[in-house]
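Here come two complexes built around chain A, the first alongside chain B, the second alongside chain C.
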Partner chain A sequence: MVTAAAGRASRLPPLAPALTVALLLLPVSAGFLGVAAPSLGYMPALGGERLSALPFRELFAWPDLPRAVALSVLVGLAATAISLLAVMLIVAGWRGSRAFRALERALSPLLSVPHAAAAFGLAFLIAPSGWIARALSPWATGWERPPDLLIVQDPWGLSLILGLVAKEIPFLFLMTLAALPQAQPAKSEAVARALGYAPLTGWFKTVFPRVYRQIRLPVLAVLAYSMSVVDMAIILGPSAPPPLSVQVVRWMNDPDLSLRFRAAAGAMLQLGLVAAALLFWFGLEKAVAALGRRWVEGGGRGGGAMEGWLRLLGLALAALSAGAVFAGLGGLAIWSFAGLWPFPDALPEGPTLRSWMRHGPALAAPMAETLLIAAAATALSLFLTIACLEAESRHGLAPSGRALWLLYLPLIVPQVAFLTGLQTLALAAGLDGGRGAVIAAHALFVLPYVFLSLAGPWREWDARQALVARTLGAGPGRALFAVRLPMLLRPALTAAAVGFAASVGQYLPTLLIGGGAVRTVTTEAVALAAGGDRRAIAIWSLAQTAAALAPFLAAALIPRIAWRNRAGLRDG
Partner chain B sequence: MGERGLRLERLEIAREGRRLVALDALIEPGEALTVMGPSGSGKSTLLSVIAGAPPPGFSVAGRVLLDGRDMTALPPEARRIGILFQEELLFPHLSVGANLAFGLRPHVKGRAARRARVERALAEAGLEGMAERDPATLSGGQKARAALMRMLLSEPAALLLDEAFSRLDAALRGQIRALVFDTARREGVPVLQVTHDEADAAAAGGRVVRL
Partner chain C sequence: MRTIATGLFAAAALAAGAAAQAPNPADWPAVLEAAKGQEVHWHAWGGSATINDYIAWAAAEAGRRHGFSVVHVPLADTADAVSRVIAERAAGRDSGGAVDLIWINGENFAEMKEQGLLFGPWAESLPNWSLVDPVANPAVAFDFTIPTEGYEAPWDMAQIVFFHDSARLPEPPRSIPALLDWAKANPGRFAYPQPPDFLGSTFLKQALIALTPDRARLQAPVDESDYEAATAPLWAWLDALTPHLWRGGAAWPQSGPRLIQLLADGETEIAFSFNPNEAANAVANFQLPESVRSFVLEEGSIGNANFLAIPYNAGDAAAAMVLANFLMSPEAQARKQDPAIWGGMTVLAMDRLSAEDRARFDGFARGEASLPPEALGPILPEPHPSWMVRLEEDWAKRYGSAR
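Presenting the complex of A and B:
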């Protein structure tokens, strides 16, 4: 996590950073090997004794491959570009406004809604028999029955792109908010305005380059994620053929074990696609930078109608993103209490608790599993994060840019590309997943979020407080536990909540590492996608959302109660 | 017992090969040495080094001795060197009384005895009955006095002041300054202060070193 910047001798070698690096690096590289070997035909446990090109030949013989590949690339690039554009327009055009503050307040709930629940909610909105069609029918559309239109799971992946944008805008927005103070936008904006630049033009010419430099890794993570997402793609994406990642998981889960060689080849192709897309994005960055420099040198002051339209576009995209998630959740809630709900009625008969009574008891066990896994993965991640950050403070280490890349590694390497490999290795070694393995796999994706969320407040904390405690006779342990951690209670709990929500939302690690034996509310909810029971889907999605959202409420409430008599920490 | 006081023995602080501070001095018990210099001259770094927490990126040569004992290899908690900053840095999560108790040495044993010692210290500083208060509700002068008492309860053998009076308003400044230096003289504690305010140096009444 860190590299030495000071020549000061330390009594204990910083163990935590090494351990954390191992936790991040080992599974990803082992998983890569577990994919690479069978993709070349080698996996003795499955009867692959010799290297061969057969898996790739079979993969390329799949007639739908070009379409699956095109979907993966188009969905990834489109979702990333639209999300980034929306966030930049919102920050450039609306900072300090009421709309902006409203969006800031909506951020935590928007972030915590799991991808699968957001996808189901969106599907219930835009489906031919969804809320939007019902609201417009029959008076505007003339539809007495749901139209025979493929809106959800459309062949071009448009609804999948919409779902991804709705979830990635909040993520990039949060990362941008964290990056803004360092870019000192206020000063640059003031200078640009004084020189006669219109607000939006001035922001893009002065602040954007600095902000983008800082949110670059999150943007790359969004690109890689959007290209290889599985749970959202099962719900919103086309199915014949699906995006490549979904097809890889289908092959992985096929009872015919020989298909795993083809799955491995597909996972390698997915990895290659993401690598190629990242390279393409780097090229795009260079091109935009060159054009941007020319644009800046041109000295145009901007303004006019164009600027107004762009501001409006930013607001519309952000409102669409937040609205899709919130209205989707509302739709899920109504479905869960719905009695009979014939098309085109805008509201169902009811409300009734029938669906909750029918599906409620089945929720208990997967819910307990979900909470247990999330709590364990979050506790492990929080412990390693605090140990790393404390080692950084004690040994005077400075984080390097490379360490940050390492942290983003599990978020940038597509999940299908190494989780399938881990599953294959476990199979070869005769291990079957189980809860412990799933917790470890979750920690891999929870740790980066916990670390990114806590590192900022940790490093901003006034280290003189620790020095005061030490000069008063407190050892390093007491300075940590009696001073630093209590003062950082709020950010530590927020980091835990972010990690918890990330774990609750994990689909693929639970499915692949758990070998189907570990059932969480997320795996159960996604499994319902193929059926059409909207009431069951609504209940499982709401349970999933509640599991992710509850820790955020706790993180907001606990410091308020613990520090109710401490004005210095109450609002901090 | 050998030498008494805080000795900085050919202490040199450098950054990227450039020497920032070089000091060779003995501060005797009850004496106050003032180091003056513009901001960025390494004044605060000097105090961090003496307190035992050199910031990363600086190289340090020389030794720090307190009452003849070499402190150079000791961590801050073993040095018995107290420090006061421009901000009071009371721990915001602890009550005023708990802040003072944090400083109180462990050899004062028993809840009642420790509490009584804290109450006495509060009374000495004119903060009677404020043990349960939230530090954020104190006035500037009260915070400064609470921070001073917290530090004194840790029984420091030397005292470092980092622009300790610069944030107080003029009326309060003289009062707190007198309280700190009088206490140090009475207890026979050597004081090293860094400041850019000539009045601080005059109040200390000792030697002045300019960086």
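Presenting the complex of A and C:
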């Protein structure tokens, strides 16, 4: 098929992945150099004229470094493992049930809540003066005053892990839903049950390996993200010392400009740390695969009380995470109408429209800007991703994952450090200060998400479908547009929605590359959040949520409509 | 890859010392002329809706009167504007920069000035400079003891003010030693932001000034003094205080505004701010109950001025200067001081104003939550910035790490 296609496929050169890499090479290496050079003492703009090991020496002299590193690693691994486990249990144990459908419907709003807003909502929920305590006080707890308990910002990062899990479960759940049709679980499940396997055991033995292969990149992204997160960690995480990523931002934002060298060294360490954690995860995958193979070959049919408990655990984790985010969202909505709201009142005085009247009129222009930028950056990323993946399959290229690892650097290197070099490049090229430059910068952070969301399902798609189409006389273009894309509509829309949300959430790239001239709901939200007025934070967080919501709804609804006469595709 | 690097950093190397094209500040009519049609990007902290509203008014007024436009770029952190200017220098963008005016003071100013990232001198050429009195109020010309030398123009005065909810705490402690005794009796009900947060570090300096044997020494750089002797009483006081802080010092508020949330939630009993009108603004925003009252410490309270600076490569420096001059006008300063608008204290010297302009500052209706300017007590000058650096380092070693 490769030789047959070679002549006519030339309109889509095998170079698409190479071109994408080339397109990204400049900004990504500029961003990387902008971190690497100052980490070695080189930054002429701040008087660093020659290479030196001093930034790293200072970094390693920081007494809290081991603890900050341990926090980053433990939070990242725990959040990833718990989220993955919860999603797999819920898909394995509850698919087709009412609980499952409810969770599916809840997905779009859960995904649209920005991480910082979710953290803010969660903090208000679980703090000693938070909503839960207010609802129970003083009648049940006897508290007239909030107790002095360390819940949020606990030194072990448990609140932070909880917050991350609450946001990553919906993400991995969405990725799994997009991947399921390619795994064709119904057939395997039917066979497994016919052979006497209990549902959960049968699913894990037959379907899980095929699903995991498709969601592997998203899982790795969750790991990298959880280790590098800043906004959530500032609200929920420990602060003395904080995880490494937060400390890097602190150094970077310190008025003492010489600390930016140490910040760069910290960012390089962060990069190495994520790389090491990914390697560790690969090892974990191998170990689980080896154990799993033995488990499958053992032929145990499973079942029993254990399986019931595991199903309940999955449901509990999913309900807890969804409940936490929804309660947080509800808290935001109430704050936006709140008058005074002292402890232990369960509801505020009011309601008042004053906060909306104050901030509402200012929402329109940044909202339009946000949607425009996100749509453009997502379209660009989706186009490049599909071009890469299609070129890969048409020309029988090796999966470009390895060649495209570069693409993931923007996700892993702490943004505040990465942007210095990126900004310098944009300025040197005269590409800054406008909407176009901001769109290009967003694409750099959106593309990895679109790619990792779509690559798995795309590669798992049964290529014999294309063969059938070609046999029936369709050219490669028609095979793509009439067969492959429609069948992959759901993962493609999902990828677009994830990319769109990633764009909506960008703060520093918008501010720095746009030179302050481009104002989105997120630039406004983050600036206002610095002032701590919960009413203002609530309104702008809700605006961010609204901006990200439409594409997720579209990703959930359009396949249902488009596939209403394609029963086989709805196997999800 | 190497060519990119060479290109980037060669450009950066060339940048040092290159002069930006900007009008001569001494020729004010030429500045006014050059300002016409420009667009000022004013990078200013955007955390307060109250202040943002004032900025929007000033931007519209100055622009309308002088024929330019003003864009407020709201920041979460002044460091973001500094980052932008550094990146511009690294890329060789030595004119036409995106940042025209920054709301700045203290260490940020000292660093930018030291690194040659500021345009100037210009501030002392502004027509309204004649209305400030640097002799009577040195804070307008010395930013954390660093002489401003015309590289920034003062536009607001700040002073540490404490507040409490009188319904829950009728009599707050009014000195640094009394605060410790109160905290011992009320464990977990006082917090200060984690240094190097600006307000947290200021609290350390406030305590240092109250406790140090010789206050005058703090005005000189730290290495010219006996640091150990000067700070020993502070560490003893903090050692005694920390176990009685909110969360026993195991977690810290991450910003100044977080103190208001904690007070509102009833987690703490005392909060403080750098804006003397903060309590009244918070009451007006429904953030705090009407029973909140402000107070100042008997030792006096740290005060300083906030400034406006223009980066060395600002694209629209002329309009930025005109805007700064407008912000220093009696009209804009009086509006800023109106507690119903913002309540920020003026930098102008009343005896240098015409009777008519003086009258603009009279007769503001003031809520009970805030103190009038005359009740704010003596202002303690900021120590030399090198003290803050050392204090922050030592604080981090003692209290900012896992124990």
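Observations on the model:
Operating definition for what follows: the second predicted complex is superposed on the first by the 362 of 572 C-alpha atoms of A that agree within 3 Å, B and C clash if a C-alpha of one lies under 4 Å from a C-alpha of the other, contacts with A are read in each partner's own complex, and residues count from 1 in each chain.
Methods note: contacts are C-beta pairs under 8 Å (C-beta built on N, C-alpha and C of every residue); 3 or more make two chains touch, one makes a residue touch a chain.
Since the model is a prediction, treat every value here as computed from it, not as a measurement.
In the superposition on chain A, A:L512 contacts chain C only, with no contact to chain B. Within the superposed three-chain model, A:V526 lies in touch with chain C and out of touch with chain B [touch as defined at top]. Once the two complexes are overlaid on the shared chain, A:Q423 sits against chain C while remaining clear of chain B.
In the superposition on chain A, A:A333 makes contact with neither chain B nor chain C. Taking chain A as the reference, the larger set of touched residues comes from C, when chain B and chain C are compared. When the two complexes are overlaid on their common chain A, residue A:P486 makes contact with chain B while staying clear of chain C.
In the superposed model, A:L467 makes contact with chain B only, not with chain C. Residue contacts after overlaying the shared chain place A:V288 against neither chain B nor chain C. Overlap of the chain B and chain C contact sets on chain A: empty, with no shared residue. Contacts from chain C toward chain A in the complex involve residues 1, 4-5, 7-9, 11-13, 15-16, 41, 43, 45-49, 52, 71, 73-84, 86-93, 98-99, 106-108, 110-111, 115, 187-189, 194, 196, 246-248, 250-252, 254-258, 260-261, 264-267, 285-289, 389, 397, 399-402. Those residues of chain A whose C-beta lies close enough to touch chain C in the complex are 26, 29-30, 33, 37, 42-47, 63-64, 67, 127-129, 145-146, 148, 150, 152-155, 234-235, 238-241, 250, 252-257, 260, 338-344, 349-350, 352, 354, 358-359, 419-421, 423-428, 432-433, 507-508, 511-512, 515-517, 519, 523-524, 526-536.
By the touch criterion stated above, chain A contacts chain B in their complex at residues 5-8, 396-398, 462, 464-465, 467-476, 482-483, 486-487, 489, 563, 565-569.
Those residues of chain B lying in contact with chain A across their complex are 48, 51-57, 59, 75-77, 79-83, 85, 87, 89, 91-93, 102-103, 105-106, 134-137, 150-151, 154, 156.
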